[in-house]
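Input: structures, listed below.
Both complexes below contain chain A, partnered by chain B and then by chain C.
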Partner chain A sequence: MYVDLSELEALRLGATVLGSGGGGDTYLSYLLAREAVKKHGPVRLLQVHELPDDALVIPTAMMGSPMIMNERVPSGKEALTSLRTVEKQLGRQALATMPIEAGGLNAFTALTAAARGGLPVVDGDGMGRAFPELQMCTFHVYGVAGSPVAVTSEQGHSVVIESAENPMLERLARATVAGMGGVGYIAAYPMSGKQVKEASVAGTLSLGIRIGQALLSAERKRSHPAGALLDAFAQSTYGQGMVLLEGRVTALERQRARRVTVEGHESYARQTLEVEFRYENLIARLDGRVVSTVPELIVFLHYETGMPLLTEELRPGMRVICLSVPTPEITVTEEALAVFGPKAFGYDCEFRSARKDGWR
Partner chain B sequence: MSGYRLGMDVGGTNTDAVVMDRDMNILGAAKYPTTPDIATGIFESMDRALSQSSVAPGEIERVMVGTTQCLDALEQRKRLARVGAIRIGLPCSAEVPPFIDWPEDLKAACEGGWAVVGGGFEYDGRPMADLDEAALGRALSEFKRKGVESIAITCVFSPVATAHERRAAEMVKRAFGPDFPVTLSHEIGSMGLIERENSALLNATLVKVADLAAGGLKRALLERGIVASCYFAQNDGSAMSLSCATKYPVLTIGSGAANSIKGAGFLSGLRDCIVIDVGGTSTYVGVLVKGCLRESVGATRIAGVRTNFRIPDVVSLNLGGGSVVAKDGGRARILEDSVGYELTRSALAWGGDTFTLTDAALALGKLGVKDPACDRRRLDGIDTTLCRKALALVQKRVEDAIELVREGNQHAVAVLVGGASDMLPEYLSGVSEVYRPPHREYANAVGAAIARVSGQVDRLWVYGESEREETLRIVVAKAVEQAIRAGAAPGTVNVAEIEETPLSYLSEDAVRVKVKAWGEPS
Partner chain C sequence: MNRPELQKAAHILTFVSLLTGAQGFVADCGGRVLASAGGYDRTSLPPDHPARSVLGSDSVYMIPDESRSVFAVYFPVLSAGECLGVLGLETECKETGERLARAGQSIQALADMMRTGPGGSQHAFVPEGPLVQAVIEMLDEPVAVIDATGRLTHLNQAGISLFGRGAIGEWFEDRFPGSGFTAAWARLRGEGKSFVNVDLDLPEGEYRATLRAARSGPRTVGVVLTVRPDSREPGSPGWRFTFDEIKGTSPAIRKAKEMARKVASTDSTVLLLGESGTGKELFARAIHGHSFRASKPFVAINCAAIPESLLESELFGYEGGAFTGARPGGKPGKFEVANGGTVFLDEIGDMPLVLQAKLLRVLQDKEVERVGGIRPVSVDVRVISASHKDLEELVMKGAFREDLYYRLAVIPLHIPALRERKEDLYLLLEHYLRRYRTLYSKTPKRLSSEVLKVLFDYDWPGNVRELENTVEYIVNMESGDLVTLDSLPPRFARLIARETTGDPGMSIESAEADAIRRALEIYGTSARGKEKAARALGIHRATLYRKLKKLGIDA
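For the complex of A and B:
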C-alpha cells in the first residue's frame, strides 16, 4: 500500500481522531507531507509483519509546542536529518522510519521524513494515539532503549542525547527542545524489525487513513459520522467503541481544572458528561461516574459537520458527539497502564473501559 | 457638541442610512438600492434620512459606515491589487511558500510574486537570525519589475517582535515611495505564520477597493457639507477611523454580520438573543451573548483562504429577498442566485420577469413595500401554493441555522431584522419567541452608528507567577493605546476582556495573552 495525496487528506482527519483531543492541529504538518509527496512521490507503507527481524527502523517525531511550530514553520527536512544522525551514531542505515505517535500532527512527521529520504514507513506507532511525553509509548513499556536520540531544529542545529533511562531521555530532549526555541524534530528508539513486532501498535497509519475516509464518505452521503467512525474502529485491533453522549457544551474550564461539561440532548437528555483533559482528553465521567479513561480514546466530533475536534476548538454552545474507543491489547496491559494509565497523569482512579466494563 | 451621528450600511442590495442623536434616538432612517458607483446610493439614502430628521448636514459629528464591499471584491475576484509577498524567516518555512493552498483563480487575480528571506524571532523575542537585507533588496527590485501594487510583509514571530517587519517596511517605502501600500502581518493577525500571512496578503490585495470606498464616502460627505469624523465598522462590531480602515480593509470583512447582530441587540433592548437578519442577497443567523458578539474559533476560511483572525460566529445562508424562486415539478426551489440591487427592476412586483422571494412574500401579504413602483396587482394569479412552499423552505433553512448557533439547551428570543425578515413566520422552532423590533429594516446601519472603538493585543509572553501582574499591566496599556490609535477618546477607554492561554506541550511559562479595550469614538 502507498500513501499518496488522497490518503494524506483522509489521514488529516483520522490522525486528529487518534489524537483524542490533543496531538496538535494537523494542517501544517499535512501541508509539509503533501509538498514532500508531490515532489518525491508516494510513500510505501510497510506492514509490521513484512519487516525482516534484523531490519533497522528509526522512528521520528516532532517534539514541543504545536503553536510554536505553526509560527516557526519547519522546512520539512528536520526529522530526516535526525534520522540520518542516529544512523551515523549506529553506523547502520535504516530500512524504514515510523511514527512514534500516530495521533495528531506527528502522523505526518514520519511520512514527510520518509518521502524526503526515499524510505518506506512502517504502518504502526508507539502510542496508538497522542501522548505528551517521549517515554509514554509502547516502545518504552516493552523494553526498547530510546537512545540515541537526535534532536534537530529548523536552523539545522542538532543534538545527540544518550542515556540508558528513557524517562531521562524525555527530560533532556525536552530541555533541548526548549533551548531550540520550543520545537525540535527527533529520531529516537532505533530498533530491530523483531522489536517493532513486539513493541509497537500495529496498523495505526492505515487505520488513521480508513477512519478519515469513513468520515469523508459519511460527510458526502450525509450519514451519521459516529457510526462510520465506530465501524472503522470495530474492524481493527481497537475494537468496538461507543457513543458516550450527544449534547451541547455547557461549561468549559481551561485554566486550572481543564474540564469540559456536556449536557445531553434527545435520547441522552438529562445526562451530563464531564471530560477532563490536559492536552488530550483523559477521563470521561457520566453523571459523576468514571466511564472511560486514558489510554482509551475519548473523542469529540462536531455534531453538524462530523469532524473531530481538538480540545482547544471546543467552546460553550457547541453541539458535539462524544465517543469512547478502546485501544489495542498491547496498550492496556499492567505494564502499559503503569506508564500511561490514569495514575501516570495524576488521577487517583483505575483504568476503565467504557465498553469492556459494561456500564450501560 | 450636538452629538448627532449618521450610521450607514452599504450592502449588496441596499444602502441604508440612519440619523441618531446623542441619546441614541433614531431621528431619521432611509433605504436606497446600492448603486454600482456606490456614491449615488450613499447620497440618496443619506439625504432622505437627513431630511426626515431635520438635522442639518453640518450638525452631524460622527459618520459610521459598515460595508460588504471588501468581502464582495474578494468573493468576485474583482478590483484586487497585485500583491508581492515578503516572508522573513529562512531557513524556516521554505517548503510551504506564500499563497500555498489558495484557490487558483484568486491567486491568479492577485498574486504578484513572493520571496522568503532570512530573519525572524524566537517565541521569547530573541532574534533567530539577522534580517537578510540584501535578499530583501533583490526581491523588491523584482517586484518593481513585475509592477506589484501592494506588498505584504510577514515575519516569524512578529506578534512578539516587530523589528524585522518594520525594517522591511522602511526598505519598501524607500524603494517604492512613502505612499506605497504596505501591510505588516503583526498589525492584522495573531499567532500562526501561514494564517497570519494569508490575512496580510488578503489585506494587501484589498487596498484598492478600500481606497475607492473611502474616497467615495469622503467626496459624498464633503459635497453635502458634512465635516464629521468618519469611522468604518470592523469584524468585532467596533469602529475604526477612516484612515485605519484604508490601511486594514480586511478587518471590515465581517462587519456586515457584526452590525446586524449589534443593531438587533440595540433595537430589541436584549442582551442575550438569537439574531436573524434577512437581507436582499443573504441571511445571517447569529447570537448575542451578554451583549457581546460571539466570535469564531480556530481557522476561518475567507474567500477560500485559511486565516486566523476572528470574525462573528454566524451561519450565513445564500438566501434573501432577492433570491430567485424556481418551480421543480410540484416543489419550490430557491436558487443560489439573487437579483441583488436589481430587485426593483427584475422582480415580478416591479414589472420584471424574475420570480423572487420578495414576490412570494408580497403575494401572501407577508411583506409591505412602500416603493410606489412596486405593485402587488402584478402578482395576481400567481401560484400561491408555490409561494407558500418557497417560504416554508426559507423557514426550514433558518430553523436549521438556529439549531447550529444557539447556546445551551435553553430557548432564547429570536430578533428578526433586515428588509426581508417579515417573510418569516410568527413561530420558529428552537426559539421561545419571535420579536420584530421597530426600525428592524435599518438594523445594520444602527449597528454601525452605535459602534464603539476597540484596540486589541494578542501576543505570547513568557512569565512566572511573580511577573504576571506586571506583564498584564503592560499588555493592557498596549491595548488601550491601540484603541486610542484606532480613534477612541482617551478618557473613555475600558478593558473588556483578558484571556490567558498557557501554551501546550511546552515546559516553560509561555502564555498567550489577549486583551481587548473599548472606548467611545473621539
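For the complex of A and C:
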C-alpha cells in the first residue's frame, strides 16, 4: 500500500480521531507531508510483519507545542535530519521510519521524513493514539531503549542525547526543545524489525486512513458519521466502540479541573457526561460513574459536521457526539497500563472499557 | 398523531396545546411553555388534572382554573362515540381564555381534524393501540413497544410475564435502572442503525435483546424491543447476523462482502464456494440477516454430516408410520421448519443424486412432499448452498445434476481462503486473542516476532476456523503476555523447527512429509481417512503406511 495525496487527506481526519482530542491540529503538518509527497512521490507503507527481524527502524516525531509550531513554521526536513543524525550515531542506515504517535499531527511527521528520505514507513506506531510524554509509548513499555535521541530545531540546530533511562531522556529532550524555542523534531527509539513487531501498535496509519475515508464517505452520502467511524474501528484491531452520549456542551473548565460537561439530548436526555482531559481526553464519567478511561479513545465529533474535535475546539453550547473506542491488546496489558493507564495520569481509578463484553 | 396540525395550532394561538391518548398520557405538546403548565412532555396527566374529566366523555370542558391560574379548554377527540384522547389549549391570559371559550366551535373542528386528518380522510387517527397490541401478540417471544420518550406503551403476553403488567406506562429506565437500555437506545440513535443487538440486565437475569427503531423521516418515534433468553451463540434463533461480524479489510474479503450484501436483498439462490473453514455459513447467515426474511428462521443442514438414508427425511420430513421407528405423528423437514426463511445446504456436493432430483422439484415447484406423504406442502424458502468441491467438475463427471447446479448457482459467490487474504491475518489474530482471553479471563497478549513469522508463513489449510482454534490454543497455553513459539499447537512443529534452526525446509523429504501431514489433516487419521488420504496423494495405501513409518509421522 502507498500513501498518496488522497490517503493523506483522509489521514488528516483519521489521525485527529486517533488523537482522542489531543495530538495537535494536523493542518500544518498535513501540508508539509503533502508537499513532500507531491515532490518525492507516494510513500510505501510497510506492514509490521513484512519487516526483516534485523532491519533498523528509526521512529520520528515532533515534540513540543503544536501552537508554537504554527508560529515557527518548519521546512519539513527537520525530522529527517534527526533520523540521519541517529543513523550516524549508530553507524547504520535505517530501512524505514515510523511514527512514535499516530494520533494527531505526528502521523504526518514520519510521513514527511519518509517521503523526503525516500524511505518506507512502517504501518504502526508506539501509542495507537496520542499521549503527552515521549516515554508514554509501547516501545518504552516493552523494553526498547529510546537512546540515542536526536532533536532538530526548525533553524537546523541538532542535539544528540544519550541516556540509559527513557524517562530521563524525556526530561532532557523536553529541556532541549524548550531551549530551541518550544518545538523540536526528534528521532528516537531506534529498533530492530523484531522489536517493532513485538513492541508497536500495528496497522495504525492504514487504520487512520480508513477512518478518514469512512468519515469523508459518510459526509458525501450524508449518512451518520458516528456509525461510519464505529464500523471502521470494528474492522480493525481496535474493535467495536460505542456512542457514549449525544448532547450539548454545558460547562467547560480549562484551567484547573480541565473538564468538559455534556448534557444529553433526546434519547440521552437526563444523562450527563463528564470528560476529563489534559491534552487528550482521559476519563469519561456518565452520571458520575467512570465508563471509559485512557488508553481507550474518547472522541468528540461535531454534531452538525460529523468531524472530530480537538479538546481546544470544544465550546460551551456546542452540540457533540461522544464516542469511546477500545484500543489494541498491546496497549492494555498490565505493563502498558502502568505507563499510560489512568493511574499514570494521577487518577485514582482502574482502567475501564466502555464495552462490557469487550469483544463483540 | 397529527403533530403538524398541533404545532400549527400552537403557533397560531400562542398557547400551550396538548394532545393526550385515551389513557391520559401526553402524546404531544406544543407551544409556549407556561410556568404553571410546563413539563407536559414525557408525562402522564396528573390524576387531578381537569383534562382527565373530559377523557371518556363526549362533553366540552372549559375552565378558568384559578388554582393553576390557567384558562383552558379541553375537547375530546371522538371517533364513533369512543374517546380517543383530549385536545387541550391552555393560556395564562384571562382575556385570551375568554376568547378561547367563545371560539369553542372552531376548536371542536380542530379536534375533529385530529380524528379525520386534513381533507377529511377517515384513517388519519385510527386507534393504533389495539392494532399494535394485535400485531405483537402474534409473536411468541417477549416484545415491548417503547415510545420516543422511552416509555413502555405495549407489551405482549410474553412481555408481561417478563416485565410485569405494571411496567406499561412507565419509563423503561426508571422501571429497570441499570439494565443498559438507555445505552442501547443511544447506540441505535447515535449510530443511525435500524437495529442493534444488546445485552439487557433485567432483575430475572441477563437477556439478549434486539432493539429496532421506528422512524418517521429522520425522527425516531419509538423502538420495538424483542427479548430472548441470553445466548452467546451468534446465529441462535432471532440473533440477526450482520456482515460486521465477518472481520477483514483486505480487497478479497471486501469484494466478497460487498457482493453478498448486494444479493442479500434479492431472493435468488446463492452458491457459496470456498474452502472449508472460510466462513461460508457466516456469509449465509449474514445474507439471511440482511434479507427481508431476516425475522424468519435460518435453518442450516450439512449434507455431508447426515447419513444418506436419513438425509431425505431430515430435509423433507416424514409422515407418521412412514418407516420403522418413525414418530407416529410424523416430523416436518428442514424446508417446512424454515418456511418463510432461509435454508442453508452446506456441502451440497455430497448430496446423493436421488435427493438432488427431489431438491430440484422443491426449488421449481416450491412444494415439499414428506417421506410417505401423499399431499405436497407448499413452502416459501430461499436456498443458499455451499460447497468446497468444484461442482462444475462434479457435473461433468455426472455426480451432480446439471439442472440443479444452475438452479442453485444463480449467484455464485467465492469466499476467499485465508492465504488469499493474509493482510487480514493480524486483525483476525487480534480479534480472536481479545475474544478468547476475555472468555477465559486471561490477561491481554501480544505476539513475539517468531510467532508472527510462523503464523504468516503458515498456509492455513483450515482457514479462519483453524486460526480461531489456534488462537484458543495459544490463549490456553500461554501464561505470560508475550506469546512464544512454545505456546503454538504441535502442527506448527515443522515451521517452528525451520524458524529455530534456520533449516529452509525445502528438501524433497520434508515436502513429502508436509503433503502427507496435510492430507491426514484433511481426511483424518482413521483407517478410512488414511485410505482417502492415500488416494488423494496418488499413492497406494501400503506406500502411505510405509512412508508414515519412515518419516516418523505419528498417526
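As a working rule, the second predicted complex is superposed on the first by the 355 of 360 C-alpha atoms of A that agree within 3 Å, B and C clash if a C-alpha of one lies under 4 Å from a C-alpha of the other, contacts with A are read in each partner's own complex, and residues count from 1 in each chain.
Assume contacts are C-beta pairs under 8 Å (C-beta built on N, C-alpha and C of every residue); 3 or more make two chains touch, one makes a residue touch a chain.
Because the structure is predicted, anything quoted here is derived from the model rather than measured.
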Please indicate which partner A:Ser236 is in contact with in the superposed arrangement: first for chain B, second for chain C, both, or neither.
second
Applying the document's definition of touch, where does A:Asp53 land relative to chain B and chain C: first, second, both, or neither?
second
Just to be sure I read the superposition right, which of the two partners does A:Glu198 touch: chain B = first, chain C = second, or both, or neither?
second
Figure out whether A:Thr333 sits in contact with chain B (first) or chain C (second), or with both, or with neither.
second
Thinking of the overlay built on chain A, is A:Pro316 touched by chain B (first), by chain C (second), by both, or by neither?
first
Looking at the overlay, does A:Arg248 come into contact with chain B only (first), chain C only (second), both, or neither?
first
Of the two partner chains, chain B (first) and chain C (second), which one does A:Gly227 touch, if any: first, second, both, or neither?
second
Does chain B (first) or chain C (second) touch A:Gly24, or do both, or does neither?
first
So the chain A residues that chain B and chain C both touch are none
Of all residues in chain C, which touch chain A in the complex?
148, 150, 180, 182-183, 185-193, 199, 220, 244, 247-249, 423, 425-427, 430-431, 433-435, 437-439, 443-449, 452-453, 456, 481-482
Which residues of chain B touch chain A once you look at their complex with the stated criterion?
89, 91-96, 100-101, 120, 122-123, 128-129, 156-157, 191-195, 287, 294, 297-299, 306, 403-409, 500-501, 503-508, 510, 512
Chain C-facing residues of chain A, complex
47-49, 53, 142, 193-194, 197-198, 202-203, 210, 223-224, 226-227, 230-231, 234-237, 239, 242-246, 266-268, 271, 321, 323, 328-330, 332-335, 356-359
Okay, in this complex, where on chain A does chain B touch?
22, 24-25, 27-28, 31-32, 35-36, 63-68, 70-76, 132, 154-156, 174-175, 178, 181-182, 247-248, 250, 254-255, 263, 265, 279, 304, 312-313, 315-317, 319
